[in-house]
Amino acid sequence: MESISRPSLSFWQDAWRRLKKNKAAMFGLTLIILYGLLSILAPMFSQYTQSQMDASARSQMMSSAHWLGTDSTGRDLWVRIWMGGRVSLSIGLIAAVVNMCVGAVIGGLCGFYGGKLDMIVMRIVDILYGIPSLIITILVVMVLGKGIAPLIIAMCVVGWIGTCRFVRGEVYRIKEQDFVLAAKVLGIPDFKIIVKHIIPNILGMLITNLCMAIPGAIFQEAFLSYVGLGVTPPNCSWGVICKEGIAYLRNSPHQVLIPAFFVCTTMLALNLLGNGLRDAVDPKLRGTE
Amino acid sequence: MRKYIFKRVIAAIVTVWVLITVVFFLVRLMPGDPFTNPKLTPEVRENMESYYGFDKPLIVQYGNYMVNLLKGDFGYSMKFTNKTVAGIIGETFPFSADLGIRSLVLAVSIGLVLGIVSARNRGKGIDFFCVIVAVLGTSIPDFIMGAVLQYGFGIKWGLLPVARYEGIEYTILPACALAFYTLASVSRIMRASMLEVASQDYIKTARSKGLGEFRITAKHQIRNAIMPVMTVMGPTVASVLTGTFVIESIFAIPGMGKHYVDSVSNNDYSMVLGMTLFYGVFLIICNLVVDILYGVADPRVRIGER
Amino acid sequence: MKKRLIASILTVAMAASLLAGCGVPKSESSSGESGDSGASGEKVFRFSTRTEPTTLDPSKGNCIPDTELQNALTERLVRNVKGEVKEGIAEKWEVSDDGLVYTFHLRDAKWSDGEPITAENFVYSWRRLMDPATAAPFAYIGEYIKNGRAVETGEMKPEELAVKAIDDKTLEVTLEHPTAYFLSMMGLSSLFAPLRQDIVEEYGKDFAADAEKNVYSGPYVLTSSANQKWIFEPNENYWDRDSIKLDRAEMSYVQNQSTALAMYEDGELDFSEIPSADAPNYEGQDESYRNGNVDYFYYNCDSENEAMKNIDFRLALNYAIDRNSYNELVNNGMFAPSSSLVFSGLSGVEKTYGEESTLEGYPMDGDEAKAKEHLEKALGALGKKASDITVTITTTDSESAKKQAEVCQEMWKTTLGINVEVNQVTYAETLNRQASGEYEIAWGGWGADYDDPYTYLELFKSDSPYNYSKYKNDEVDKLLTATQTETDVQKRMDMLHEVEQILIDEAAFFPQAEREVHYLVDDDVQGLNFFHCSINLDWVYADIVE
């Protein structure tokens, strides 16, 4: 008997091995880690605080005193960007991931079992989607008060629906395919089919979806902070800085372009990483170079 | 198929009824009332409350509202006091729908092309370009995109009108601003979906039959790959056509997006319900169409049947 | 096969809807390209409003845009132009010696449809305003008329309102108190405009639903109100037609201020306000007026926060605000810093209220030493450290309100070392919390309803519906009540000054700024009037001069 020359690797080990070879993905990963570190460290080593105002240094361009300039109340943007990064990166990621998990589980069940369950859940989805989101947000604040948990809840009440519909559609498609049918015929339990066959097949699409959901979450946080959820002044987030800066688009565009730049580059990094991950976990590409 | 559609229509009616009922009671839970004016005296407030029947028990008000609704009467707005809700929707919807259709055409056509092209040229320069477009589209929010387009094309270079909606050239900037996000997401999903389909057996079969790459892509791959795009398009179509607050505000378009947000913050109950009903019906129709199209596009899928 | 059919039908339907959508350019308004005045020789004034008017019914107006709109469409007994009371439909009038009975003699004026305007039209309109069944949001303004309040609450029939048509051309009104500013107020407000019973009853609930469902008594008629654009044309039957120079005026609803400015620069508007962010670009080109709005914070006298009840603590908060820096930080220096409540530009006895005032307010630059001194006293009385004290500012969800709170938060934190939290909620909820007393410090702002200091000072009268801070001071109440019956103008004004001084000494509120509107206007537009209450922009007499 010949021994198999390829070392036996687990699914994730294999994914990681392939991810490492993807230069773009590694660039993305590095950038995200860099932003994360700067968010933690940069504010500690600055002479300014995020709330310190200066009436004589309003809306200034980048300089040696203020690396990224100042906003309309003379606050240092370098510090605010990284203080805001703490909020935006964590909330954006948490909310998007929670949304994705909830949506994927519900959507997956609906898609896999179909029938009555699907019909009822989808009608509930229609109703939730139909309720103006502002009403839901205001009511969540009223009932749950302030803080990170109510914030995440407010973002997730309807946030999971997109993923749910999406996953449901995908599962519908995949469950009719030969390999799933084959597994069913072989009497493999549903749970195992879902984990082993269906999830790996939609993981790529899910990651793509997740990458697109994060900026939405970042800006939704900014919107929520205006009705009392999310961060409260003097704290800030990237979305809040963008909103504060947009009025100054003509006069000192850096106030909105800088936070937008950081959101964009984060998204670029996540997209590159996401593409890499997608390829890395694609079962059909497994074992290939 | 016919039986399935019939079932769905029945379900849709029930859904709309539940939606309206839920929203009817939810808006009443919100803090404040429709009379948001710091200068209102208690006497006047009382008069206004009885004028709108708020002094009756909530359940009676609900009954009255539903009876009127069945007669096709949406009632009068409580903020724009001498306009009917139906009148406001009738006046504003054409603008939102017109803008929405333009931006959807733009977004879907370009988005699909970008998605297909980048999937076919995976890892090459054009693919990276598409990533950049998608990143810009998804991560620049509409309030920045709209303002930048308006400033650049409208003011700085003076190529296009800056605002209002009074002719074909007025529609270009807002439609582009609105299209960007959808375009980006369509292109991303299409790319991912194309890649997934590419490794399926029937594509391999087609290839082994000696079909040309172009024919494979055109005939088999796209048709199968487009389905996930359709799923996201359902709600997107509904929300884009019924107006977007930010873009309409930046470009001073007399659409209905403003009412969707303002009616809630003004506690304009009848308006909130009218908008919810309108949007809800729209959404349910869009989702129904998507589900049906699913069955049409992929012969193996039978949604709703086990 | 069947599926194919459905698919193709859907495709065709979708394609058809696309074409339909793209084929319809939306310029339903009569003036697609509202060209500049030059081309056709037509005199057109184009401007925008940031807030959409809520109604076209003259009796139901409840905000500045409503009043401004009606100012052009309705004619009252008198017309208030920039604070000056001029003849309107009344040619002359007499006031009884006790200041209670006004007799107006009407001129031969006509409605836009040619019918004569009679005294009966006023009687009908005022009764309708006060009738509870109308539910006019601003009906309280009719409480100045005798029996007004009783009619409003339903205790009396509308017919018992003390307004009488002696004959077609003579109207007699009896007031509750001698009200010094009655004529001035009436001249500003469309709530006192005449109405045609036949028209109102013909359309019922749809009265004034759009431009066609009404007739007009004022200098202009409304020819269109569709698509968030209001088009005015001169009323050929207006009694003072010769003073009206424009051929048309167009008001668009443009909510976003930067957009309005962009439209002005693009030549699509003849007048635009300047958002504070863009102020530096227009230095020297802009003009400005103060619109009578004052920005301040309330404090809740019933709040459970012990510190807020301490007068020294409140004084410390007031002295800690550097109002000049505040103005730079919050409004880009566009407003005017203020340390008092009453808008300084109101009419006084001879000069403006501000010029006659001998008020001792807080220094505009703040006073850190004094703030700390008061804080020490307060801390002694409370037995607390500064860092143990937390106050919360409740404010609205607007960007400017947020900035306002942030700046005060920062100043109070750094100067006094206390903790300050900012709580943003929706506008409706802010008002709700003010009314129910669920706040410690809250956003506040007030504009004048009529040209008299009472309109501001009433906020601190204990039985006023507007007393959002639940403030109660017997001296203030006594003085304010006395001003309602005092007929000596100078004495009355002195009392009002005294009330304001008490409020400041007691630190009953935290004044910040008076709003100043900076605007751009085309060189060829002349005759715009600006005023600080009810009607900010009065364009009725505008003219386009080449």
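Chains here go by letter, A, B and C, matching the order in which they are written, and residues are numbered from 1 within each.
The rule we apply is simple: a residue touches a chain if its C-beta (ideal position, glycine included) is under 8 Å from a C-beta of that chain, and two chains touch if they have at least 3 such contacts.
Since the model is a prediction, treat every value here as computed from it, not as a measurement.
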**Report entry** Reference subunit C; chain at largest CA-centroid distance
**Finding:** A
Report summary line: Contact tally winner between A-C and A-B is A-B
Report summary line: Per the C-alpha centroid definition, the whole-Å distance linking subunit B and subunit C comes out as 36
Query - Mean-CA-position distance for subunit C and subunit A (Å) - result: 44
Query raised in the report: In whole angstrom, how far does the Cα centroid of subunit A sit from the Cα centroid of subunit B?
Result: 21
Query raised in the report: Taking each residue of subunit B in turn, which ones touch at least two of the other chains?
Result: 30-31, 147, 151, 265
Query raised in the report: Going by the touch rule set out above, which residues of subunit A reach two or more other chains?
Result: 138, 243, 249-250
**Report entry** Contacts with 2+ other chains: residues of subunit C
**Finding:** 258, 397, 425-426, 429
Query raised in the report: So in the complex, which bits of subunit C are touching subunit A?
Result: 258, 275-278, 280-281, 325, 328-330, 332, 397, 399, 402-403, 405-407, 409-410, 413, 421-426, 429
**Report entry** Complex contacts: residues of subunit A adjacent to subunit B
**Finding:** 24, 113-115, 118-119, 122-123, 126-127, 129-132, 134-136, 138-139, 142, 161-162, 165-166, 168-170, 172-173, 176-178, 201, 204-205, 208-209, 211-212, 215-216, 219, 239, 242-243, 246, 249-250, 256, 260, 263-264, 266-268, 271-272, 275, 278, 282, 284-285
Requested in this report: Can you check the complex and tell me which residues of subunit B touch subunit A?
Outcome: 7, 11-12, 14-15, 18-19, 22-23, 26-27, 29-31, 128, 131-132, 134-136, 138-141, 143-144, 147-148, 151, 184-185, 188-189, 191-193, 195-196, 199-201, 227-228, 230-232, 234-235, 260-261, 264-265, 272, 275-276, 279-280, 283-284, 287, 294, 298, 300-301, 303-306
Query raised in the report: In the complex formed with subunit C, which residues of subunit B make contact?
Result: 1, 30-33, 35-44, 46-48, 50-52, 76, 79-84, 87, 91, 94-95, 97-98, 101-102, 105, 147, 150-151, 154-155, 158, 161-168, 171, 249-252, 254, 258, 265-267, 289, 292-293, 295-297, 299
Query raised in the report: What part of subunit C is in contact with subunit B in the complex they form?
Result: 2-3, 6-7, 10, 17-18, 21-22, 24-27, 29, 32-33, 48, 52, 54-57, 60, 62-63, 132-140, 149, 152-154, 205-209, 226-229, 252-256, 258-260, 262-263, 265-266, 268, 397, 425-429, 431-434, 446, 449, 465-466, 468
